[in-house]
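What follows is a single structure, written as structure tokens, with notes after it.
Each chain gets a letter, A, B, C and D, in the order it is written, and its residues are counted from 1.
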């Protein structure tokens, strides 16, 4: 590290989002030619920090931020991503920002095309300039050479291997006139090892040319390998800012995960029936975009609460979604020795399983309908409950019974609403989640999959949801498989916790195991 | 990875034109019509309709599907023609003045249509279809109630007997085929309207050239992926409106060319069928709502009109009922649109699923 | 000059050219109907009698007009030249008289042939 | 800045959407027409009965929109399929010279199985083309109308009252129901007040019956599942409801209602129009339900009833009033502008109208 003025300096960055502090007093410097590794669990605030740097509209819309950003010694305040781009900050997205049917050149020059004058410009304006393909190709060849990779400028992006798409994105960023800082968000997540190595080499070469790079990744060995300095964020706070020579995988992992344990004591249920092979999952493959499960095997004991943890994108959410038939799945799932028909939600329900979806508003609820209908729907469709026959011909909804059952759940779960007929849309997030819980409770399942049951809800609702889960586990012996990104929460309620990495179980640990061990499993180390 | 060009692939992607070609191969001998006669008909119809069909290409490029709103352009062209006839113009100047009059009207209507389509993203086709109907109401109101009362019409022959409103049909004696006949060559006893084809060629060249401009590139980007285009700073909505304006303009000129060829205007019907027939023709030519080329236009017009000319006669000779053939061609024009849209929607879904699979594999 | 200004000026000029062009084209392309009347003309003091042996030869097919005849000819463009051939019944000698009519954007004209032949300044008739 | 604009606009639109200003404006307009009418010599009694007869005539066709909208298939532009079934039912019943309520009943009975068949076929198409249902529906409808035009020429109907006189084959373009079952429903228990006012009780009872049946259907297990598919297909799928099956059921239901509605329409209209007649019949029905406040993905029975009354009211009153005032017949233009304007308005509504 040099003592010159840093290229980029973020001071005292603070950001509140709907009353929650998501970033607190972040101080961060980036020198010219430096590669800064930014690590942290999902939700630690990395994305928000980068959004602030880029002046993404979402930041403005949620009340802006506090603190100062200095670029090249000048204070800057970007109000939209274009300003950031003009100031020389480039970003390589995790999801490709490319048009598949366009060639590399066309993508690199999208809306920045090199054009030639044509007469019609005088009449119809500059958009009638013609494209100078030759000049663009020439420049692309040059940029690609600079990157040290071998891409044919005319190749369509859709026909490129993934790494080339990544290179195309990087090429686009560095072709911009005066790139100073390049932010790369999880670039290697989609790459094979050799591809990743090539990419890292490219980044190093860029850094050598004086570009400051912020490298976001979960692959710690990559971070250690490439970065000069490492910054760890956790829960919106900057935990550690350390040169990479002074750290190792294990300590980074523990900084990331932290030592906090939720407000719950460890959960120790002694009454596990511990039936082995109660639910066995063998070689499960789930095609869930962004959360793919690849050849996963897992044994669940009867009566336990099994936690499933892991970083986002590794496939932990895919397990429940796959078994419940929401995304195409392959492999075998056996419940008490009976094989379960996959890809059929109805069969999963009939086998005694139920599911609290992580996508509450998208999959979990009929937002425009009443609380009553939402709670009654699964019972009605799956078990044919809450229906009555009229004249022996028509099965009709039993309004009275629905009201009764809904009222009882409103009371039990303390759902704040005007009554069973209120539409779910009008409820707060926490109360919506309670409706989701009531919905599955009404089914009295043998096995309950709870995916992120406490995500985005307030503390009170969180406690209530978790204690209800524990209650049905203890009183009714329901086996619960709970997926959560919050390790603390998992440790507070589960008996065992399985960590998923790259679509497979990286390991299963008892809840009491040291936090570092979980961190290492998550990072696949 | 190189794209594979296989015979099977070529056959499948050109399935629709091939089926129609086969149908023609069967129906032409059945109809008993002579080849020279058919050839003559085809040349005349190619000259008449190509420009109209060509107007559909640009919106497809911009990802807005088949622009049923092209009838707005046809209406504009017709309004221009009616005024020109009223003013007593004839010959080439009449056509040019009609085009000049139609231009601002088309731009206005195209802007309106594009604006509405921006409000209905993802449902462009059905919305443009309804816009066509809606504006047809406005058109009727204009011609049936405003012309001759608010808008002065000097030629009483154009007006209905009640004193205002344009008649149902009018002849264009001084305009009939002036473009076609101005420069034409006789080949094997057939008049080939060189100038008309030259006009069509100019517009084809325009489209080809247009694709190489900045705005053409922007349009392609918007058509392929709106989100990415928007992210790159391309003014998506403006670009889409422009695509519709260009389409409306070409349709306006196309309608003028088509009317001079026919020599009569059916004031309240000429434009109505134009949308359906043009779209059917383009689809018969092998285009889809996502991909349309100039070749599709000509192949389509040729095959569609061949079917159109041949099927009533073939129906008569085969079943002894010309009326049946008449209905058959209506059935085919609607059916071809239905089937193409179905195939297109089906393909789109499969591609989406496939992409999802690929993405998954990519991550493995 | 500022680019924007230059272009806007150019655009305005082009629009004007289009309008002017439209106007010119209308002049060139407009069909006018001319009614020729071969009956007694009484204007500015003189009374001119209908002509015998009158033929309008400027038409593609020459038309003969007996005294008292009225014919409708049509002409295109801003002006037209009408050519009359008058053959005197006695001498069988014929003379040609051409008359250039400036029509502008007016659609109908009603002309007296005797007045034209007689060199009247105002050969127009009222309907 | 741009985004802000859009958000702001969204807010205003939402407010208007919830308030439903087109409905209010049109209701006031209609009321105004009824107020003006007597002053320009139009008899309110006749107009009112005209409107009521038309409501009874068209109501069920509008009702046929509901199942498909509720299951998320959008507006049923494929209504001509149901209409075709209704036509075949009617012609078949008439071929046998069946008369009165029996003839009407038999027409309905013949129409339903065909409607089910066509509905299943149409349903498969609709499922193939998720997201493009409306466009496909329009053209499938058109194609079937054209196809049936060929069939009308060829089908072996022989009753001389139905077929062309000179050739003995091929159904006529327009067939009169006089002597069969013309106005059997309209006249059933009809109420006549004075010389001019007429209330088509039978048609209204039948319309009400159908409304109640549809309403009741949406309270059954299948009906609830169908609405769930419409409002959140992912939710429905996650709870073991087959989206595709529900959509097909809804299409069949819509088509059957269309067929029944057509037979009712015919008895009241007094004529059967074959060949290209049914081509555009979906549009007024679509416009009516939208006028009643339905959107592309939500419709209720009240939308149907309100919409039918308003739409038919406008259609009867505007031409006669404007005729009376200006001596101009602008009926056709107004019909085109109102109905297509309504559809356009619904298509461009943001948020709620989005079909995913």
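Keep this in mind: a contact is a pair of C-beta atoms (placed from the backbone, for glycine too) under 8 Å apart; a residue touches a chain by one contact, two chains touch by 3 or more.
The shown structure was predicted, so the numbers you read here are calculated from the model rather than taken from an experiment.
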Chains touching both chain A and chain D: B
Most central chain, Cα average position: B
Furthest chain, CA centroid comparison against chain C: A
Chains linked by the largest number of contacting C-beta pairs: B-D
Distance between the centres, which are taken as Cα means, of chain B and chain A, whole angstrom: 47
Centroid spacing, where centroids are CA-atom means, of chain A and chain C in whole angstrom: 84
Separation of chain B from chain D, taking each centre as the mean of its C-alpha atoms, in whole Å: 31
Chain C-chain D separation of Cα centroids, rounded to whole Å: 61
Chain B residues counted as touching two or more neighbouring chains: none
Chain contact topology (line, ring, star, complete or other): other
Chain pairs that touch, as defined at the top of this document: A-B, A-C, A-D, B-C, B-D
Partner chain A, residues of chain B touching it in the complex: 1-3, 209, 212-215, 217-218, 220-221, 224-225, 228-229, 231-234, 356-357, 359-360, 362-364
Partner chain C, residues of chain B touching it in the complex: 87-94, 96-97, 100-101, 154, 174
Chain C residues touching chain A - in the complex, by the definition given at the top: 6-7, 10-11, 14
Complex contacts: residues of chain A adjacent to chain C: 121-123, 125
In the complex, chain B residues that touch chain D: 116, 119-120, 122-123, 125-127, 129-131, 133-134, 136-138, 140-141, 144-145, 321, 323-324, 327-328, 330-331, 334-335, 337-338, 341-342, 344-346, 348-349
